[in-house]
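Chain naming follows the written order as A, B, C, D, E, F, G and H, and within any one chain the residues start at number 1.
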Amino acid sequence: MDRDRARALLDAVAAGEVPSADALDALAVAPYQDLADTLVDTHRALRTGDPEVVYGAGKTTEQVLAAVGGLQSERAVLVTRAAPEAVAALREQYAEVVVEGGTVAVGPLPEPRGCVAVLAAGTSDGAVAAEAALTARAFGAGVERVDDVGVAGLHRLIAARPALDRADCLVVVAGMEGALPSVVGGLVGTPMVAVPTSVGYGASFGGLAALLAMLNACAPGITVVNIDNGFGAGVFAARVARRR
Amino acid sequence: MDRDRARALLDAVAAGEVPSADALDALAVAPYQDLADTLVDTHRALRTGDPEVVYGAGKTTEQVLAAVGGLQSERAVLVTRAAPEAVAALREQYAEVVVEGGTVAVGPLPEPRGCVAVLAAGTSDGAVAAEAALTARAFGAGVERVDDVGVAGLHRLIAARPALDRADCLVVVAGMEGALPSVVGGLVGTPMVAVPTSVGYGASFGGLAALLAMLNACAPGITVVNIDNGFGAGVFAARVARRR
Amino acid sequence: MDRDRARALLDAVAAGEVPSADALDALAVAPYQDLADTLVDTHRALRTGDPEVVYGAGKTTEQVLAAVGGLQSERAVLVTRAAPEAVAALREQYAEVVVEGGTVAVGPLPEPRGCVAVLAAGTSDGAVAAEAALTARAFGAGVERVDDVGVAGLHRLIAARPALDRADCLVVVAGMEGALPSVVGGLVGTPMVAVPTSVGYGASFGGLAALLAMLNACAPGITVVNIDNGFGAGVFAARVARRR
Amino acid sequence: MDRDRARALLDAVAAGEVPSADALDALAVAPYQDLADTLVDTHRALRTGDPEVVYGAGKTTEQVLAAVGGLQSERAVLVTRAAPEAVAALREQYAEVVVEGGTVAVGPLPEPRGCVAVLAAGTSDGAVAAEAALTARAFGAGVERVDDVGVAGLHRLIAARPALDRADCLVVVAGMEGALPSVVGGLVGTPMVAVPTSVGYGASFGGLAALLAMLNACAPGITVVNIDNGFGAGVFAARVARRR
Amino acid sequence: MDRDRARALLDAVAAGEVPSADALDALAVAPYQDLADTLVDTHRALRTGDPEVVYGAGKTTEQVLAAVGGLQSERAVLVTRAAPEAVAALREQYAEVVVEGGTVAVGPLPEPRGCVAVLAAGTSDGAVAAEAALTARAFGAGVERVDDVGVAGLHRLIAARPALDRADCLVVVAGMEGALPSVVGGLVGTPMVAVPTSVGYGASFGGLAALLAMLNACAPGITVVNIDNGFGAGVFAARVARRR
Amino acid sequence: MDRDRARALLDAVAAGEVPSADALDALAVAPYQDLADTLVDTHRALRTGDPEVVYGAGKTTEQVLAAVGGLQSERAVLVTRAAPEAVAALREQYAEVVVEGGTVAVGPLPEPRGCVAVLAAGTSDGAVAAEAALTARAFGAGVERVDDVGVAGLHRLIAARPALDRADCLVVVAGMEGALPSVVGGLVGTPMVAVPTSVGYGASFGGLAALLAMLNACAPGITVVNIDNGFGAGVFAARVARRR
Amino acid sequence: MDRDRARALLDAVAAGEVPSADALDALAVAPYQDLADTLVDTHRALRTGDPEVVYGAGKTTEQVLAAVGGLQSERAVLVTRAAPEAVAALREQYAEVVVEGGTVAVGPLPEPRGCVAVLAAGTSDGAVAAEAALTARAFGAGVERVDDVGVAGLHRLIAARPALDRADCLVVVAGMEGALPSVVGGLVGTPMVAVPTSVGYGASFGGLAALLAMLNACAPGITVVNIDNGFGAGVFAARVARRR
Amino acid sequence: MDRDRARALLDAVAAGEVPSADALDALAVAPYQDLADTLVDTHRALRTGDPEVVYGAGKTTEQVLAAVGGLQSERAVLVTRAAPEAVAALREQYAEVVVEGGTVAVGPLPEPRGCVAVLAAGTSDGAVAAEAALTARAFGAGVERVDDVGVAGLHRLIAARPALDRADCLVVVAGMEGALPSVVGGLVGTPMVAVPTSVGYGASFGGLAALLAMLNACAPGITVVNIDNGFGAGVFAARVARRR
């Protein structure tokens, strides 16, 4: 029951066209509806800065195309974890497409607000970093990438210092021992999201070693997302950065 | 905004005492309030069969007494995991008290509907079984207990067959290897809640062995609660039994 | 040794046709036999409400057809986790077939008693929810499904409130963080079985995260089954619901 | 080697007072020193918004007092996980003291910039929430607390909606099944840090259940810190909020 | 219903004193009773070689004394995991007492049949080895102990070779890396029970490391019991040894 | 240096043909050699009852044939975990072949001594049970199999009672919740080896649930081998049984 | 800014060609550059004994060839975990190639300094041992291999005693129960690196059992690397051995 | 049977005083004895560089004093994990005592050969670092300590560079996320032993996080010991360093 329908009802009551008892019955069922509406509106409201997202894993190319096609949006739709065939099909069908590995933005990207720096410890961490970076970009932030800055080669990390200083939020991606966030956290006080990856073998247990390391980071102010969850880190970082 | 206030408002609109625009404003803020009320009512509604509960763990005797005293109820209030001192204080202060280990019902127990049978595999599982039994009773079910029916002594279990047949819901409590639910599940088709206990040592890992065993029970139709969670099992079983 | 054979033996003793010593020997071997019979009878008895079940996983189409064909039943036989080929073969061979994903009911479904509501948090949880729903139906309960009611979109859940209120038992299916049962458990006091699914990645550890969350649900009266065990939840829920 | 000393050296070279070879030797050892200086400066720089912190766990009252006394600061020093005796001693010795459980701020708190909302699911989560809240305050943010908003009582959560909308960053604290962040994440798009607590028993495994649930939250944009790490969450949230 | 009562009943039928219908009714209820009797008899039968056992852990001295006093046995009663006070009380009250740490045999030990050799890797494993040894002795086997034969000192192990050759069954007790069973298993083909102990720290995880090592022993024919379960190993070994 | 060579050397010394100094040198190098010989002899000695074994997993058919062909034995060679092609090739090449799944005995089986009973809980546990059974047979014991005696159908187990009573050692194979050993252990006092299998899904964690359950069995005298390790259980059981 | 450029600058200052203010500006930006250079130099310096390494896992043959071709080195380049095709391509393209399984050294191996002995417990551990051995060789040490010296056949191990005595560092490779390092550690006092392998099944949990065993080895002075990490062990052992 | 006794025996044979058959019998029992002797000698031999060690944990002061007193050594005896009372008693009784926390060296320390550098990440890691340092010293190496060089403060680590360059072997001690070894491993090529500590809380799981991180370190040539095992690291490092 929206405002207009409620007003009409009340006017009808005032005009004596509808008895107040009937109006009461009509309003009695409203709360449930209102509740749902409220929450939906809320939902929509919160999305003002967020694009529509299609999770591509496990979807056929046809399903991905249908999902993207079904979204009428003035801004880029984000597709994550798309198979190569789906990526190719999106490239073919749409004019304005940005691709980073299996992450695809279809449509015009929003004006960037603030800056997210995405650091990756090793080349194998690149796919997760790319997912984080394009996600942050599609969610409205500017993005800068710094690759291959593992802790066993500190000079590359220290050379990247200016980029760290420019950022409003850092996304730090690392597998194996997951030490990079601790080191970066000792250099800057910028909000940082650490992303453990499943890169490694043996006692890395699919990324568990990196995850635990990041949760125990001695530098304060580091938060962590799920293993390989570049998407979640990108969403979070964009929300922080675009507040600037 | 409850029904009476809404009716009065509508009558005032119909009588021309309140402009419909003002009424609209009054109703516009209602949804939030309604939502909270709805949920609270819901909550209250669902409690028609459930008593008030005070979780005694970590509370001082004074806190337990205050919590019980603060609840004005016509039916028994349930106190779980109370320390011996708190139990003694409740016994002293209240006339109508039922005690099973650290579980206490203060006040008149409701008329029992349906029947819950609580089985315990070993004597060490008794405290958890007692919590389940008195909880089920306070939540409105009749309760029958069958103790010391471990799988290594099947004859005691088979002798308890009639009690199993009488029950509307079974609560089966076992530590160590947690095998009792599987065996009972092969004998009867009654809904059964399995409760793993932390009884054991070494590779029982604080009840993990029993928990995993129960989750993997080969007999169908067995559900499981947290380790040592007699309370949760009792609540569930009472809700099933009292539907009869 | 059934009742008729025992009566005949006793009559023969009474008639002096069989010496009591011989009768004693005949009865002496009976207990073992009786024991087995008792247990078998018991078993059969408990199945009055339960259909025959064929577990399809790892079986060839021929094996599934043979297993179903070997069961002479007046009511629907349930086949779970059947491969697509086996499903197709069953459809072709039998006239009265109900299919939900890999779950198949072959033959006339029983008159529904009571109502089970099956909720699924996400679309990926659909297969497990379908297994639970058709299982509950084949085990004699009426079933209502509510899909896609994840906790991150509360309005859909609250809109489903009437269905929750109608049910005698809830089956709540969720992967990832497994939070849905906690939220639903705060809304209604209906007996609830929570089913964790293996939907997720990284630190979901194949459904372990959802399983642990459900075991630790703060709302009382929630029980849990094994990861992806829609069948077990359906059996349990039907047994509860059809008691109404 | 700072700028002034380098300038003097170069002037001496230009004046012929120092041979260029000697100057070269002096500069040759500089990089190491520079590196250390650079990093120290960096470090100091990043601390402009952060107070000094004394980790109280495992320290005697004397050690805590000595540590606090040794820090000459114009703004509040933060003490975390202090024992009750240490808290009492700090209260006695200093005039301007704010205490939240075992967390203490000694000295004038900074002007608040931005707003952090700290939500706690249950009363047992209060100590961790208090640590997060006072930490965020001492790190320069304004703080608002919302207690006892567990997922099994949604109405309290929804009533707290305005506070959620006001915040620049949320800290959501929950033990047991750790479901609260998922639900809140469906309501608002504010950056959120989830803090699992060790509240629970049995299969909560010391907070592991809540930790895994939060890492697998289906709502995007949620990040997680270590179990019971209210301090880390507070630091992070303040850094986000005070950027406004 | 035992043989004598059944015979009397049949004689009465043959004599026409009891109608066969009444006899049938009497026999109809027999199977349940028979089942219980059968299992009890069975149980008793299997105990011909096994003593009564009182599990002392968690029992007060009074409870232990009462439990032992309540068992009227011509052979030694075994008490395991008794507290020092209980041990002292047993020593005082009974004349014929054998004590090994917290394991006590009260009464005359049986004639030894066969030989169990109990090996312990380190001195810290001694308590578990003692429990195994006295248990095996009380369960009817002869016992020989070989202490301090860790794998890092092979010469002591090889010097013990004759004892290994004499044994009918070996019990091999080890904590830390649990390597001793593998080494012994390469020397002899005697049936061997390996007992992991909780001796160790850090990544021993309470005996898990030793347990896993023993389960993965490359020498064939090694079986394993629970961590610190000297009692179970002693029971098993005695049953094997006394078959000689 | 074997006994004959040593005697010849000593005779030569006695005859004055070899100076005692030279003899000393010859003997001085002996210990190392002796040690190796001793251990080898030992090894060989212990194998008097044990056949040669070829572990087929990961071997090509050619490698399996070569391994079997290279062993010159008067008694059956055992091949475990052979691929179907290797089994077929062995059948073709050798006249006297016994096959149980992937386990093959090539050559004349020894005279059986004693009796091993191999019980399997479910049909899916059959492959592991077969490996245990043929292994025990090839290692010199008689073997009796009892299949499909899961704890959810006790009557089948109790009907198998006579087989249990006949056995010198039991091998009890079960997956899922692994409860069968506990139940059997309550019926008989025969030495028992429990074999957990990887049959199950979800929270069975590849057999971990069954393994833990068996290690925690409440019936005393049960020992356990690695998950799916039918071979190890068969070796152990044969060594016990053939001692009769 | 290297030494030569700095000297030229200072000379220019001394000659009055460059004002000291300009020189200061030039030097002011140097520290960052210097820092990077320092670290790079350091890096290069430490590599005087270490070859270039190409990690072959997940790389195509073309990528491996390109990576090797891009390294201009006077000494052997090491390629690890190369696929068979890549190995074949390297063999074809280069004249001086040493291959051990998937590990390849391309180019002239350095003069060996010191001696590393690589022991492997079983034939299945051979691949990891080969990786360790060729790595140690390429990193500058001499290498001796001792295969198939499992703890269940001590005589082979003791026969290898001389090789152990010759070594400057041991690499001990074992899967399953991982007991070999403990036994070897009791024989010699040489520095030892233990390498757990993923050889095993069931409760080996992908090498976890061996890893834990080695970490808990009772013989002092044993260190451990990641599961299957022959490369890391080889690097470490070479660095120890070549110090002789 | 040592060389002299063997020579006498052979002389007696040569002299005809002992028949060669009797000599053969005497020699026949020798190998066992020889084996033990060989291994003991071996053992003794390897200890030339290693001191006697008394493990103090769980020992009373009297036991520690007795153990130390029973060792007649010309060089320092090492006592680890001694309680404060035992440390005080040792200080009182002996003149030449070096104490580092609970680690004590009693008697003259050996001439240092080579250099071990012990780094600790945080002050809480100091006790483990001290154990490693004094152990390495007592085992014959020179030792240099570098404290408080956590990865979140790189400048302190880089300032310690010269100490790293001087060392023959590094011991790097860290708890929480255990990142320090990775960073140090990128700076120098010295053999390094990483020691995880149990410092941390929550998801550090008693040092598991640090242990896993170190096993997965991306810098090659790092080996790891058990959690808190400073002793093992010290033994290993001394054995490496004193080879110089």
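Everything below uses one rule, namely that contacts are C-beta pairs under 8 Å (C-beta built on N, C-alpha and C of every residue); 3 or more make two chains touch, one makes a residue touch a chain.
Only a predicted model underlies this, so the values are computations on that prediction, with no experimental measurement involved.
Considering only chains that satisfy the touch condition with subunit E, which of them also satisfy it with subunit G?
Chains that touch both subunit E and subunit G, as defined above, are F, H.
When you check each chain against subunit C and subunit E, which touch both of them?
The common neighbours are B, F.
Count the touching C-beta pairs: is A-H or A-B ahead?
Output for the comparison: A-H.
Tell me, please, which of C-E, F-H or E-G gives a repeat of the C-D interface, judged by over half of the contact pairs matching in residue number.
That interface is repeated by E-G.
Rounded to the nearest whole Å, what is the centre-to-centre distance of subunit B and subunit D, using the mean of the C-alpha atoms as each centre?
40
Could you give the separation in Å between the centres of subunit A and subunit F, each centre being the mean of its C-alpha atoms?
The separation of the two C-alpha centroids amounts to 56 Å.
Spell out, as numbers or ranges, the residues of subunit E touching 2 or more other chains.
Residues 32, 35, 37-39, 43, 153-154, 161, 186-187, 202-204, 208, 211, 215-216, 226-227.
Would you mind giving me the full set of chain pairs in touch?
The complete list of chain pairs in contact reads A-B, A-C, A-D, A-G, A-H, B-C, B-D, B-E, B-F, C-D, C-E, C-F, D-G, D-H, E-F, E-G, E-H, F-G, F-H, G-H.
Quick one: which bits of subunit H touch subunit F in the complex? Just the residue numbers, please.
The contact residues of subunit H facing subunit F are 3, 6-7, 10-11, 13-14, 16, 19-21, 23-24, 27-28, 30-32, 34-35, 38.
For the complex, which residues does subunit A have touching subunit H?
121-122, 150-154, 176-179, 182-183, 185-187, 200, 202-205, 208-210, 212-219
Show me the residue ranges of subunit A that touch subunit C in the complex, using the header's touch definition.
32, 35-40, 43, 58, 196, 198, 206-208, 211, 226-229
Tell me, which parts of subunit B touch subunit E in their complex?
It comes out as residues 124, 153-156, 158-159, 161, 201-204.
Which of the residues in subunit H come into contact with subunit G in the complex?
Residue positions touching the partner: 39, 42-43, 46-47, 49-50, 53, 161, 168-169, 186-193, 211, 215-216, 220-227, 231-233, 235-236, 239-240, 243-244.
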